[in-house]
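Order as written gives the chain letters A, B and C; numbering starts at 1 within each chain.
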């Protein structure tokens, strides 16, 4: 299920959250990177039919999201995991999924219950399926969230910051789960955690200040850091005077800095092979000021 | 002490920024001031002393302003649970009693502010209208003697009761109570109206204007709480209202402390 | 209603919350206690009957209105709900429907009890729903409308409570004016079932439906509910 936006914009009072966004998302797993406040959540909400677009065009699977009929048609084939997923604490995961299934139009009781049980198994929540969700950990809540998104076998899955606040083990498990879903679907993963995209996506877009500043493959985004990634060792402890420090490790011979800078940040700076994070930071340095 | 003041100060700041607090209470005050009914302060005779005129205004505002006050405070402690700040507050080295007391003081101060403002506006109007400069001073005095004790009484119950019976249920019962406990004629059915525990300020107003304002001292249920209005009975009424208003806080503070110890 | 939708109603009943389900019976219970107190204080038959009628016409509608605004104002899963193909207006409608059903069931049971025990002071028993249904529709419609417009439970409940209290205290003024009389909420208990009673009931139903219609119109843009409620 492909996504096409042309000149998409959205304002909230005097604040413009999206400035003429042009984006083309093919099938498979697609990453959307950007700092907090870059406009990712607004874009996700529009794609999920939660917010109407302010201007421009949005087509998902050929359906026009600026019309009510188009929104409903997309929502019938959509799984959405919002950034702040509030669960109803008095329900058990099984009841919650059953309820969402009913609202998704899964009216065949037996088929719906079977699907609920399968999804609970998939997200490893079968053992607590009958326990009320009040008191569930962040990871368990996220897993309930992804299970509800998968109800009805959606063709498009939109997940907004799904790994924020999870411990490393939960994050890895969650990433693998998402990557496994992308086979015959479109999975749009919005995050500010670069590592999540590095580990799961082939294609990505980067947003800054409500604009899309990069679309392309993840390896190309890594290459944005080539010639701009440096390692510098200082004995004074002070960071290099130019560039953006992406890491600093104190060792016996001094402090090892990893710096993103278009010019060498010191006489003894050594070029380094960039990671996705380095490419992302280099891109952000070059992006026009908002 | 500094902890109590800090909690109170920030509760005050949070509340006083609430648009709905000002909108609700000033809207109610404006509507009641403009309509007044047939016994409002606008009908006080031309040469009436400032004490009498401003006591009339305090009684008039006392009919509806505490409604907004109760509605605002009904959410305060429930809200901490909803927003997930309870755990954060419990992790601080401040005891639950201090937290509760700070929230009570801050909530009372901030929510009373629109009431004081309404009295000052009325006092300003009467100063110009009647040409008596004492009106503004009596506006403040009447607020302190008539409205504030009642608000302190309401604040204690409005903060704590919703934790037990939920905010929506409290709001319904509170409106019913306000009518029953203040304005229902005592001869109609057993009620607290006209007693020392009537938070609308029946006793202070009756004392200040020299006649029965609503039902203060009128014979009825719980006759020992219905002395004739006088300086002493006003003092007893004010002290009783403040102390009874603190009761729910004492109970809640004890429960919270015990919960924290056993957690 | 198709049977496969029944579980959905069960879930929405739970979403309405226990406070909403408890508010109508609690309001009538308070009325009963007050009536008992009045009767034990030596009040006459008419006075007790009047009080029971007040519970039905005034206290019950207030309770339903207050509960309704809380249902509409708070939903922990609102963003997810808006991404689902089921219309959110329908979801809220089911929740409010549960509340209305509980309110109506309590009112009918209360009326039947009062009538059978000989304390009924209202109109013909067949017209008894007109005692509680119009003010309930009117107060609920107005509270929900104010709650949606102001995005504040405090504002909505304060204004409606003050209006309720104002109509109780200044009943004479409301009845005396030609333009306020048709919209006076407590005509049955404060004025009686006489000339103009039916007109008053119909005017309340008409204006109440108008409030509901505006609420439905506002719910066509449900994303407006995503703006944070003022805490």
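What to note about this one:
Just so it is clear, a residue touches a chain if its C-beta (ideal position, glycine included) is under 8 Å from a C-beta of that chain, and two chains touch if they have at least 3 such contacts.
Worth saying up front: this structure is predicted, and the values here are computed from it rather than measured.
Core chain by CA centroid proximity to the global CA centroid: C.
Relative to subunit C, the most remote chain by averaged C-alpha coordinates is A.
Across every pairing of chains, the maximum count of C-beta contacts belongs to B-C. Per-chain Cα centroids separate subunit A from subunit C by 44 Å. With centres defined as mean CA coordinates, subunit C is found 27 Å away from subunit B.
Centre-to-centre separation of subunit A and subunit B, using mean CA positions: 50 Å. Listed in rising order, the residues of subunit B touching subunit C in the complex are 18-21, 23-25, 27-28, 31-32, 35, 37-38, 63-64, 67-68, 71-72, 75, 79, 83, 165-169, 171-176, 178-180, 183, 188-190, 221. Put simply, subunit C touches subunit A in their complex at residues 2, 4-5, 7-8, 11, 14-15, 75-86, 91, 221, 223, 226. Interface residues of subunit A, counted against subunit C in their complex, comprise 45, 48-52, 72, 75-76, 78, 80, 82, 84-91, 95, 98-100, 102-105, 107-109, 148. For subunit C in complex with subunit B, the touching residues are 17-20, 22-23, 26-27, 30, 34, 37-38, 41, 43, 47, 51, 59, 62-63, 66-67, 69-70, 150, 152-155, 157-159, 161-162, 164-166, 168-170, 173, 230-231.
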